[in-house]
Amino acid sequence: MDLNQIYTELIREHNKNPINKIKMLDATISEKGHNPSCGDEIILHLKVKEDTIVDASFSGIGCAISQASTSMMIDLIRGKKIDEAEKIVDIFLKMIRKEIDNKEELEKLGDAIFLKNISNMPVRVKCGVLSWHTLKIALEKVKEDN
Amino acid sequence: MDLNQIYTELIREHNKNPINKIKMLDATISEKGHNPSCGDEIILHLKVKEDTIVDASFSGIGCAISQASTSMMIDLIRGKKIDEAEKIVDIFLKMIRKEIDNKEELEKLGDAIFLKNISNMPVRVKCGVLSWHTLKIALEKVKEDN
Amino acid sequence: MKDYKADFKILKQKINGSTIAYLDNGATTQKPLQVIKAIEEYNKLYNGSPHRGAHYLSVNATKIYEDTRGKVAKFIGARNSREIIFTKNATEALNLIAYSYGMNNLNAEDEILLAITNHHSNIVPWQIIAKKTGAKIIYLDCDKNGQIYKEDIDKKINKNTKIISLSHLTNVFGMVHPIEYIIGKGREYSAITIIDGAQSVPHMKVDIGSLKPDFLVFSGHKMLASMGIGVLYGKLEKLEEMEPFLSGGDMIEYVDLYETSFHEVPYKFEAGTQNVEGVVSLSAAIDYIENIGIENIETIEEELLKYALKKLKENKYVEVYGGEDLSNRKSLLSFNVKDVHSHDVATILDNNNVAIRAGHHCAQPFIKHMGLNSTCRASFYFYNTFEDIDRLVDSLGGVRGVLGYGS
Amino acid sequence: MKDYKADFKILKQKINGSTIAYLDNGATTQKPLQVIKAIEEYNKLYNGSPHRGAHYLSVNATKIYEDTRGKVAKFIGARNSREIIFTKNATEALNLIAYSYGMNNLNAEDEILLAITNHHSNIVPWQIIAKKTGAKIIYLDCDKNGQIYKEDIDKKINKNTKIISLSHLTNVFGMVHPIEYIIGKGREYSAITIIDGAQSVPHMKVDIGSLKPDFLVFSGHKMLASMGIGVLYGKLEKLEEMEPFLSGGDMIEYVDLYETSFHEVPYKFEAGTQNVEGVVSLSAAIDYIENIGIENIETIEEELLKYALKKLKENKYVEVYGGEDLSNRKSLLSFNVKDVHSHDVATILDNNNVAIRAGHHCAQPFIKHMGLNSTCRASFYFYNTFEDIDRLVDSLGGVRGVLGYGS
């Protein structure tokens, strides 16, 4: 395994300068996600207006992979409609489970496509998918409230 | 191992014709001995007058070794003084534990000396010593009551 | 027949000039080279602490452990590998159910229905729970062959019955109990059913998917695997509502000073460092069994049982228990020799390197119920041969002589 | 230094071109050829069900099992082999004490004194017992090095303290706790003391005869033996007054329909078919350790620890916990790399075949108490070498670079 395929330039950047790691005081929902066996813990903040995620950010503690993955995800879903965001989450989780290979689909993941390699690291997969699962749960709650 | 060293003529006889296996209605003490892992169960009946075992018998269920050993023991202690009987028990248990080799001492065991070979059979030792332990306990009770 | 013993070195070695006719498989089975090799390989190449580390050996150990969970699920026809919990033996599995389910779900009106044929491991834990909860133990009766029967089952199951626990295949007389019927009855009365598969799973097809019990337990060492590894199958929804039993490392989510949240099923029930080595052996054992085919094992043992019953009948001093109907008998048989205690029989047979078991077989209530003091038991596995049985029968022929009885 | 690794094939194999620098011995140790061979030999020559049979294999298995009980007693300086009970791991042993002693001897006024440094296995069972009995859990504080201290111990032990349970050697910072002092205090206040020796027994002389705790627990797999075998030492008089925990086969005397009388100690606590194979491995492991000499193991590990601490200090981005005083530190150490999460460190080191552990090490309360989120832990055994430590230090040198930080 080449470490550079895991700790890519992008992951390093998102980890070192987590621009999306900031508390959001006017969030419409703040959803906690955790990974007890690792100790990773994030809180995902979303500001949703009607069916659009107008802003997103996160706080919490975790390894580089979970921090970067969260940050990339936020870049990707900010401004997106709820159902679009859900589709992206779906594609991401499928990519990690190696259930998808369609290039066109994968391109919808933007930078997050570079997280593909963590699917080869059983113990780190959980770090990579934590925020995506958390987003999924948060969006379901939002829809229920609507 | 030669089976004939275990199932000796004497053991066969005592097992087949357990002349000492008979309930005693006027026993001064009836002591139960058991061996849960085997299922052996004997009741030792003693008639003690002052410090003498004037009669003894047993009832119960068990393998040939426990039945014969009990029967031989009874032959040996019938009519003996309590302290003599206790000495004999002591010699017997020492013989089984291979802690004694003194011929003179061993001869006090009479026929029971032929049980010596069971000390080489870990799983059957318990069968052989059951009644002797039971006798020891019974005699202690008798002494306490005196 | 194929010479399966080629894989079992322990059965090929000579002790004082002869091999061992090993007929104590109900107590524990021997391990084929394939299992022994799998253990060795694990220890030489892959050993690590599962679930806890990010390094190569730990990742490997985790994978082996979790893959085997899936293999066990498939082997018994469970849909979800999360329904498989590893324990140290069948006994621990039964205790887990008793403490975790029984202790928290029973009260003084409730009844626990056991079969009189049960193994101590499926009686004593219930006595303890009954004492602590006030629940009542009721026993299913059996007929003279050691088989339970419908009229009695129908009579004893009622709306107070909360737990039904019994052997699939009994370990003294080798009776296949009508568990489909009982599980159905249990469902009708909303009682949970616990199947003790310690004797059945190694010897016959057991399919959770069609039987649908709430719980099933068995031990690895009775099916070619190591000692120290057992299995509890539980319906997911039951396991999820249960409290943990053993607690400590790995079964937790968050531990605070005074409160703990628990990990999900199945981890919730697996406290401390788990026996990966045992799991490896179970994995290799299942491969071995599936390679032969469990149906073939059933067929081989049927032949062995039939042959043994026929031959034993020829000795008029041997009384074999369990009756003539072979359709509900499997893999083992009990007998006694006239005038001779079972322990003497076992000792005399051991002298000929014929290994059987004597005594109460951890089933004192059953033995007593049958009016017996003890029995001799010969229990088979697929590697046994007609020759093993001939040696049993021949040795038995000499038993009464050794004790000085006319033949 | 002697090349002990010659006996550990797993540490000689190459994974992607290099051997593994195995520094996760606190989680589980590797097994020498002698232990692997003992297991193989047992399975090829002697395997049988212990305590139950009159035949050769069963008699042998019983003898091996009981002889090892004596060997374990001698190894830890216990006078009586009946004080040794075999469990599946240290966790089961602690649960046994908690359920069997704790549950039946505690009430609402009583206090359970634990160290904040305890492993989850020595916390969660007590939380469960506390909840069921109403007893209160009190924690011993520790200083910034993870060491507990006398003033706090004196303050927290009182006449309500019924149970004191703590690690001898802690598994996160590697502190040797002053257990002689605590055991003395416990005696003064008639509290029982339970020593978790999971980390100490493999690495230092532990002598029951001079320490005189009421209970001591440890795991075989952390001292060269198989997974699936653990030990509970208990004072005979304590064990005798305790109720059984797991129940079933072998631990009974007479089983009636509704009542059971139990076998004597230690059998009373060993339910079901026991792990003879695991016991065999423990026996071989003790032989191996005694062959080296536990004092020599202490010396080797002292050297390793000293060397590792010196070398790690040279990296200004690495913070090592536990302080300068080496007199009460042993066998393992915790650290963090500035700006890098422990899991990333472990992954990056794994890529260089350096095996350490990252996370909370089953000690969340301690980690939180120290204001940490997680640590990296390197834990040694006598077979480790300075070279293993050099590889650790070298790999650590590259960690920050991989994550894009200036050196």
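Each chain carries a letter (A, B, C and D) given by its place in the written order, and its residues are counted from 1.
Note that contacts are C-beta pairs under 8 Å (C-beta built on N, C-alpha and C of every residue); 3 or more make two chains touch, one makes a residue touch a chain.
If you're wondering where the values come from, they're calculated on a predicted model, not measured in any experiment.
Between the CA-based centres of chain B and chain D the separation comes to 48 Å, rounded to the whole angstrom. If each chain is reduced to the centroid of its CA atoms, chain A and chain B end up 81 Å from each other. Note on chain placement: the centre of chain A and the centre of chain D lie 39 Å apart, centres being C-alpha means.
The set of chain B residues touching two or more other chains comprises 37, 123-124. For chain C, residues touching at least two other chains, in rising order: 53-54, 58, 252, 254, 343, 347, 359.
With chains as nodes and touching pairs as edges, the resulting graph is of another kind, matching none of line, ring, star or complete. Remark: the chains found to touch one another pair up as A-C, A-D, B-C, B-D, C-D.
Of all the residues in chain D, the ones that touch chain A in their complex are 340-344, 347-348, 351, 359-360, 373-374, 402-405. Only residues 1, 3-4, 6-7, 9, 12-13, 15-16, 37-40, 61-65, 121, 123-124, 127 of chain A touch chain D when the two sit together in their complex. Against chain C, in their complex, chain D makes its touches with residues 9-10, 13, 15, 20, 22, 24, 27-28, 30-31, 35-36, 39-40, 43-49, 52-58, 88-92, 94-95, 119-125, 127-128, 130, 137, 139, 219, 221, 226-230, 246-252, 254-260, 271-278, 343, 346-347, 349-350, 353-359, 362, 364-365. On the chain A side of its complex with chain C, the touching residues are 36-37, 122-124. Of all residues in chain C, those touching chain A in their complex are 51, 53-54, 58-59, 62-63, 252-254, 263.
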